[in-house]
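The following pair of complexes shares a single chain, chain A, combined with chain B in the former and chain C in the latter.
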Partner chain A sequence: MKGMKNFFREYTVFIVCALLMVVPSITSQYVFYVFERGVQNAFLVIGLVILIGYSGMMTLGSAAHLAIGGYAYGIYCLLGLPPVLSAAIAVATATLLGTLLAFPAFKLSGPFLVVTTVGFGEITRILILNLQSLTGGAYGLSGYPVVSQAMQKYLYYGMVALLLLVILAVRRLGRSRIGLALKAVRQDQVAAEVMGVHIKRAKVAAYALSSLLAGLSGVFLANLTGYLSPDSFTGSESATYLLMTVMGGMSNPTGAAVSSVGITALPEVLRFLYSSRLMVYSLALLIYIRVKWGRKRRVALVKPSAQGAPKPKGGES
Partner chain B sequence: MKKLRSILCVLLAVLLMVGACAVAEAKPASYKIVHLAPLTGDASFQGQILVNAAQMAVDEINAAGGINGVPIEYVPIDETSSTNSGIEAVRKAISENPDAIIGPNRSGTILAAHQLWQEAGIPAITDGTNAATTKQNNPYTFRIQIPSTFWIPILAKTAKEYYNASKIAVIYGNNEYSQGLWDATTPALEEYGLETVAVLNYNDGDRDFTSQLLEVRKSGADALFLYGYEAELGLIVRQRTELGMGDLPVFGERGCASPAVQAIAGDENFNGMVCSTTLSQGDPAESIQAFIKKYGETFDTALSPTHVNHYDSIKILADVIGRVGNDHDAIRDALAVLDFEGALGHYQADSEGNLVHTIHTQVFKDGAWQLLLTEEYPVE
Partner chain C sequence: MLQLVLNGLANGVLYALPALGISLIWNASGQFNFAQSDLLTLGGYIMFTLFGTLKIPYVPAFLLTVAVMGGVGYFLSWVYFYPMLEARVNPQIIMIGTVALSVFIRNFILVVWSSTPQRYRNVFGSRALQFGELFVMPHVLWIIGIVAALLILLQYFLRGTMMGTAMRSVAQRPAAAWLMGIRNNRMISITFMMSTAIAAVAGILIAPINTLSPSMGSTMGAKVMAAVLIGGLGSFSGALVGGILVGVSEILFSAFISSAYRDVFVFGLLVLFLIFRPGGIFKADISEKI
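== the complex of A and B ==
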């Protein structure tokens, strides 16, 4: 019984990805697009799993990282670089700019760090809005090459395959030295430092990895929509990504992927309710958060649970 | 020989019957029209008016027996007020396989998603006023509004001829809609020899505009051109009187004639508001007054003059489908040469797919709108 449970825990990710793989063959174009958006969001949210779930560094500015990735791709393309190269440099740009955020995070934690990330998100959005010659400002950015409609299916297969690799990698990362270091930082920064964890290095790594995934997600977003505008990267979008992370189980990459697809699809599923759908949407999320899901361990975000509390076996992934 | 002839007769009769059945089957159970409108988010207020107006026309047509006996199936779809979910909504609309699309309302959504309905070959009667939306070489995009380039010259003309203004201050919001209007402002003011003395902008969601308004006062402007969404417009208009600038006439584009702005600003602060619209509540024309009255009775709310044109969009589509059937390309071709007298105005298609060519300015005075100027731009 226990063996089966472990087996399930270990291999859910393959089942999820296999299910995602068959989506294009069995759904309409519209439903397929919603799934594409969900998988694209999953990359960003798995990045947040590293940042928030593993390291406990709360962020409400994740939409900005996404925007940097997307806009960088569009701008490099429009400057004449080939799309694949643009994508690579865009991810690098997003990683670099995102990693810079690690520096304030050396000193800040808790609510102070959250405020910093909110500020970062707003500054990025307002810069995009006002740097009109570069980003198109409020008109938005369009006209860059995107993956054609016929090739979308293959882009999607590529995304799901990459998602599988990312989930496996992030899961391994959680059990690796750096992952354990990050988790130690989350639990107690001082204790971790005393034990010889290089705090700064760990934080830089967390920010670099999460903004790399966010940049990747941004490049995919640019390709899916063919149009970027600042109204897609507001604070409320960041809050939605945080929600996806929390509902996915904080430090569970597979859960994050599932909740990304689920929450992206939810407003579309609820479309038949017309304008009351936002209410039902919020209600559904509230109920989900309040229900106790089995004996799943809750991850303490700020403080560790009382000392000596028994830990469920099997370990968190 | 006789036998052969009778066989032929029977065959012919059968063929005719089959043919008749095929014709009868070609008539669908309903003609489907989907309407993309922002029913949630920042623009939800106008979204509801857009849908109300269209619904009114659908109800009228269906009550009168539909189009050649076939009822219209009208499906409103929430475009939301953000571009990303707008694209999803357009995909949803196309997946419904409608005979025609009405909307989207937001220029951003149109620019982002117009290729989707072009690929699907479904004609769309949009209403975003950004001039660029009909310049995308998309033969399936039509617009039941006048492009933003026309909204400002008539305001400049009114400012000059009715208010003797010479120094103009401009405040606009940082969004694609207001930016489009600002881009059209400088040439319009130059055309009428008006001087721009201050240009200020704000970000959507701002709630205090004291600094911008004080700048306007310092500049000595004798008219204020104001572009933005309802919530901010209303506050700016109210804060203008609170700062003792109540005499400064405010000029705005269609959005400012919305009852939402009036409600936020307060009636007493709203006096002196000049708006350019494609339909004026002050227009004495009988069909327009009848429409305004009927709208008020049906929905028990005031209408916003430039968000009700989809009443005529439905009538146009009903007319076109009644004439050419529900083949997408036939509808498109008929819209491209449209010349239609609607309840709210005259509609004629130009080479870009713009259907509206008349524009008015009106002023809010003593609790009611009064018509000032009317301009016609002939179809080229």
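== the complex of A and C ==
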């Protein structure tokens, strides 16, 4: 029985990807598009798994990383580079700019870091809105070459295959030396440092990997929609990606993929949910958090740390 | 110039109120509440229903809104925050919970009141008063006056009454407070109640300056959080000074340099503070908490 369970845990990812592969042949054009978006979101959310789940650095600026990837692709294409090359450079740009955020993360933790990422997200959005000659401003960016309608299906297959690889890689990463270092940093930074973990290097790696995945997701987004607007990269979007990450189980890449496809696709299936979907999700998440972690009743005193940011201790592991 | 400063001041004290709420909650529970500015928006919308739609006179509607929002704060702390604190959950998880709460409130507003920006009558009159060279909208003076009165009242409550002293003691040493017979859960609930009520006051007063929209919580929230950190998380005067600094400098920046980049300026300021003075202007020390 236990072997069975382990077997499932190990191979769910293949089942999920196989199911995703079947989608284009059994659904309508529109539902297919929704699934494409879901898979595209999954890349970003898996990036957040590395950042939030593994290394415990909360972020509310993930939409900005996505935006950088998408806009960079569009801009490089419009500058005349071939699409494949500009996709590669766009991912590199997103990685580079995203890694910059690791530098405040050296010193800051808790709410200080989160507010910094909020600021990063807002600054990126405002720059996109105002650098009109480059990004099209509030009108959005369009007119760059995208994958043609006929090729969309193959792009989707490619995305799912890549998703499979990414999930396997991120899962291995979690068990590797660097992944363990990140988890140690999450649980207790000082203890990790004493044990010889190079904290700065670990944090840079986490940011680099997560913004690489976000940039990739952005490039796919640009290809799927053919149009980018600053409205789709607001703080609310970042919060939604955070919800997806937590609902997927925080440090489980397969769960993250399932939850991002599910959360993107579910309102299309349940139409009555459409306008209130985020309300329902966030309420569900609140109840989930409350029931999962808040249940252990003890006659305990409330003990906040005396000063500064409280250190994350124990809890989820 | 003076006129701009005055307008910025009215803006700034409205940032200061939710900032103060965040600081109060931080002191009482060690939690950073990301939903504060969405609670502010919710307060504004309740006022919109009571005053704009149901035509209840301004003062009763004001008090009713503050009471309702205080109830919301009490409820939240009773069903969510205190049990989570009691179970000693990782603060990061609780923080994610407050992000979820903020998304929930934002979309709740969207579902109930729809996304069209709302506005209700400016009760303070729309004729500018003239003092010599200076033209001042009456609501600017009213906002500054009401907030000042509220802050004095709050300071009296915290310093001068039994309950305020109990609240401060819970913030300083929860275990010792518990042993002295103070019920920590009730004190934390009351802190939450106060901080949402304060946010509601800001939400009501903001109406003449800003139109209400469901996304107000996120645009304003970013600046409120910047104000908290610039002023010093956990400090009473820090929240006030931080709010005013953000409000005034934002208006001056948009008037003299560029209005498009004013949020970039605010966050630039925040980054400077985080680099050179991470504790903010007023670092809260233990005796100054709350």
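Simple rule for what comes next: the second predicted complex is superposed on the first by the 270 of 317 C-alpha atoms of A that agree within 3 Å, B and C clash if a C-alpha of one lies under 4 Å from a C-alpha of the other, contacts with A are read in each partner's own complex, and residues count from 1 in each chain.
Rule of thumb we're sticking to: a contact is a pair of C-beta atoms (placed from the backbone, for glycine too) under 8 Å apart; a residue touches a chain by one contact, two chains touch by 3 or more.
Fair warning: this is a prediction, and the values are worked out from it, not measured in the lab.
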item: Between chain B and chain C, more extensive residue contact with chain A; value: C
item: Contacts of A:Tyr139 with chain B and chain C, given as first, second, both or neither; value: first
item: Partner chain in contact with A:Ile126 - chain B first, chain C second, else both or neither; value: both
item: Touching partner for A:Leu285 - first (chain B), second (chain C), both, neither; value: second
item: A:Val118 touches, of chain B and chain C: first, second, both or neither?; value: second
item: First, second, both or neither for A:Gly110, with chain B first and chain C second; value: second
item: Which superposed partner A:Tyr33 touches (first chain B, second chain C, both, neither); value: first
item: Touched partner set for A:Tyr274, first chain B, second chain C, both or neither; value: first
item: Doubly contacted chain A residues - partners chain C and chain B; value: 126, 129-130, 234, 275, 278
item: Chain A residues touching chain C - in the complex, by the definition given at the top; value: 56, 58, 60, 104, 107-108, 110-112, 114-116, 118-120, 122-123, 126-127, 129-130, 234-236, 239-240, 242-243, 246, 275-276, 278-279, 281-283, 285-286, 289-290, 293-298, 300-307, 309-310, 312-316
item: Of all residues in chain A, those that touch chain B in their complex; value: 28-31, 33-34, 37, 126, 129-130, 137-140, 142, 149, 225-227, 229, 231-232, 234, 267-268, 271, 274-275, 277-278
item: Of chain C, residues touching chain A in the complex; value: 26, 28-32, 34, 79-80, 82-93, 95-97, 99-104, 106-108, 110-111, 170, 174-175, 178, 184-185, 188, 215, 218, 221-222, 225-226, 228-229, 233, 260-261, 263-264, 267, 270-271, 274, 278, 284-286
item: Residues of chain B that touch chain A when the two form their complex; value: 39-40, 44, 76-78, 81-85, 87-88, 91-92, 94-95, 108, 111-113, 115, 119, 130, 132, 174-180, 203
